[in-house]
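When the chains are written out, they are named A, B and C in that same order, and each has its own residue count from 1.
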Amino acid sequence: MRERRCTAAVVLSLRGGSYRYPGAALDSLQDVSLELPEGSITGLLGAAESGLSTLCLVLGGLAPRVIGGELRGTLSIDGQDVREWPMHRLSESVVLSVGQPAGQLSMVAATVYEEVAFGPANLGLPRGEVMARTEQALDRLAITGLAGRDPRRLSGGQQQLVVLAGLLAMRPRHLILDGPVSHLDAGTTERVLGTLLDMAAAGAGVLVAERRTTPLLGISSNVVVMAAGRVRAVGSAEAVLADPALLALGIEEPPVLRTRRLLAEAGLGLDHEDLR
Amino acid sequence: MKPNLGADHALPPGVAVRGPTAWHRLDPLTKLTLSVATVVAVVTLGGVSLPALLGMLAVLLPAATAGVLPRVLHISLLLALPLAVSVAVVNILFTPTGSDVVAELGPLRLTSEGVRLAAEVVVRVLVMAGAVTLYYLTTRPDELVASLQAHGAPARLTFVIHGAVAMIPRLAERAAAVTEAQRARGLDSEGSLLQRVRGVSAVAAPTVSGAIAEVEQRTLALEVRGFSRPGRHTLLWAPQDSPAQRIVRWCIIAFVALLVVVRLTGWASPW
Amino acid sequence: MELRLESVSFDYPAGPRALDAVDLVVRGGETVAVIGANGSGKTTLLRHLNGLLRPAAGRVLLDGADGSSMTVARMAMCVGLAFQDPDAQIFAARVSEEVGFGARNAGASGRHLEAIVAQALDDVGLRGSLDTHPGDLGTSARKLLTIAAVLAMRTPIVALDEPTVGLDASAMARIETLIRSLAAEGRSVLAVSHDLRFVAETFSRVVLLDGGRVALDGPPEDVFDEAAWPRLRASGLEPPPAARLGARLGLGSTPTDAALLVAWQRTSGV
């Protein structure tokens, strides 16, 4: 279901990115390079204070545009330097979700429908187009039944789905998600991850940053590991997550892989099938 | 729901629901103008009877037609009474000028001037609280934003205004959350009056700073969704304004402006 | 200290029964995890432990004393509760103040207070952040801060709402260790969690709430045994990976990796 494009793949790319928060003495990101191709999901892993969230803010354009601070290096979309692009122009290509869903609601929408329509409406699209995108996004996340509800009265899991729908409605090429499933229960997590897979299949480039490895296992094609503001490992999910050196970086060993390792050490060899 | 690109596609049921009464359905600007004007007017007017009359006309009557009278009374009394009473007490007991002594309590003298001053304060505070409460109970924040945008205000400005307006209930919610967290860690707010007062002061600073932090966080999320984009933002719907309401708004503004001028220049006799 | 809920029921004004005749006894040194679907009454239950909510029927007893005769402040000296959302409870301008608040209310002051605060921060691994503004801490650290703030009260019962949400791997390992050491000291820990692997590894007892009622109450090997899986799945919960693997290999109930290994070694005659 991947869209065929005549043009080259739209790639969001950061080269040599170093970022310092306003008033900070040290860089929070040091010489970070990362490419986010479209039609894929990249996992971003890091312990606390690893620069994970900062990198998300930089990729999403909020740093330095809205937050201030100093960014060195180049952020580009499809080869074009976007340093001079104002936030609203960047938002047409890249959207970012960070923090708890309740903190991302506009508080200006009486219903979920209006909340999801908020983004497209801000882009000044014709009314019909705004509604079409809204309804499609609600449908995609299977929350059409929540359209008339007050977003503030929903559970955390439902709010997360609403926030995602709101971002989806902007039809971004790239989605940067910082901790989208960390506060969700197993069922809602599955639903969110499933949606991300659909979006990648439809051509979006998705970055999922998490502090726990399990959510990333099934969905990422590539994984980037950060520690102390630098990229420490890049590679396929299997390769990176099975590396015992991860533990030293403060990253959790995926429980499934841990079990396999312990059993292997005890002399029991099991293949992948048994471990699902 | 299949996507439909037609421009006359109707919004689904439950979305953009109008208010239950005619008062609710007035343009938010009209309701806001009335509330703000009432607050300004009641500060300007002297005496007890005129502010009380204003309160009845501009607060109680609309509240009754909107079916929210009990709640307006309840909330404004809750908000205003403690403050009003404490100010009144201070006035009663410590008004230096006053010759017509009504009662004596040791070194403290209760004068009729003091009593009247106190009554003025109480009525003022109550009417102000009532006007503000009436607005909040009959107007949703999104209605105000839509109205401002429909009248051509730039999107960014509407959000600043909305932020200010929405902050107040949010502050209340946040105060409740902080209080609960503090109680769970031993803050005793159920005891004597003194303890309750301590409880309130322990909550004030964190409530405000937390609310501000929340606004900062939310602004980031809003930026991502293009809220500061210059130019026209699409409106899915807007409250119904009318020429009649426009006229009424300007009349109210003119009336209050006149009131303020009269008061400031001392043109009419003090009432 | 013994915590006892006797037939506790509770209704929210606009909703169905949130708690329905819940009976629960937690003794000193026990670690109890409360699991269940969203809306099953878990958080409501926690709020009854320190009196923030009062039962519509039934009693909450702390060492035999009826909670209904105690203020929240008084009950909080026995049950320290950390809420789920750090941003809804952190209010001080400095980490040391935040952690010290509860301890001060419990009567500590001066050097003693400083020592308690330092110890609590050490327990969660935030020693270096004493003078930091909580807003400058990352997600994981803020969560740890809320736990430290409760630890500093030195309550006999510690109640945690989703203690691992938002934590990174090392922080989570810290919390697991912390809970075990609290139990070793004779204190009891009650935690609501949807992370069943964490639950199986850390707690000696698991309580499943379903529709406000206690559906299961027992050690992990019983609650995560294959026989109970339909019950768990009906609540939208998946058994921990070790339990699933153990069942697939025919090793009986193995809620944790350690149990899995032991069972394997036993059956293979190693």
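To be clear about the criterion, a residue touches a chain if its C-beta (ideal position, glycine included) is under 8 Å from a C-beta of that chain, and two chains touch if they have at least 3 such contacts.
The structure displayed is predicted, hence computed values, not measured ones.
Engineer: What's the farthest chain from chain A if centres are computed as the mean of the Cα atoms?
Structural biologist: B
Engineer: With respect to inter-chain C-beta contacts, which pair, B-C or A-B, contains the greater number?
Structural biologist: When the contacts at B-C and A-B are counted, A-B has more.
Engineer: State, to the nearest whole Å, the distance from the C-alpha centre of chain A to the C-alpha centre of chain C.
Structural biologist: Chain A and chain C have C-alpha centres separated by 30 Å.
Engineer: Which whole number of Å gives the spacing of the CA centres of chain A and chain B?
Structural biologist: Result: the chain centres lie 40 Å from each other.
Engineer: Send over the residues of chain C in touch with two or more other chains.
Structural biologist: 87
Engineer: Mind pulling the residue numbers of chain A that touch at least two other chains?
Structural biologist: Counting only residues that touch two or more other chains, chain A contributes 103.
Engineer: Two-or-more-chain contact residues of chain B, please, as numbers and ranges.
Structural biologist: Correct list: 214.
Engineer: Once bound in the complex, which stretches of chain C touch chain A?
Structural biologist: Residues 37-39, 85, 87, 138-141, 165-172, 194, 197, 236-238, 240-242, 245, 248-249, 257, 260-261, 264-265, 268, 270.
Engineer: Of all residues in chain B, which touch chain C in the complex?
Structural biologist: 177-178, 180-191, 203, 205-207, 209-210, 213-214
Engineer: Mind pulling up the chain A residues that touch chain B in the complex?
Structural biologist: 60, 62, 65-67, 87-88, 91-92, 95-99, 103-111, 113-114, 117-133, 135-136, 138-139, 144, 147-149, 166-167, 170
Engineer: Applying the document's contact rule, which stretches of chain B touch chain A when the two form their complex?
Structural biologist: 1-7, 9, 11-17, 140-143, 145, 155, 159, 162, 166, 170, 214, 217-236
Engineer: Can you list the residues on chain A that touch chain C in the complex?
Structural biologist: Residues of chain A touching chain C: 46-49, 53, 100, 103, 155, 157, 179, 182-183, 185-187, 211-213, 247, 250-253, 255-256, 258-259, 262-263, 266-268, 274-275.
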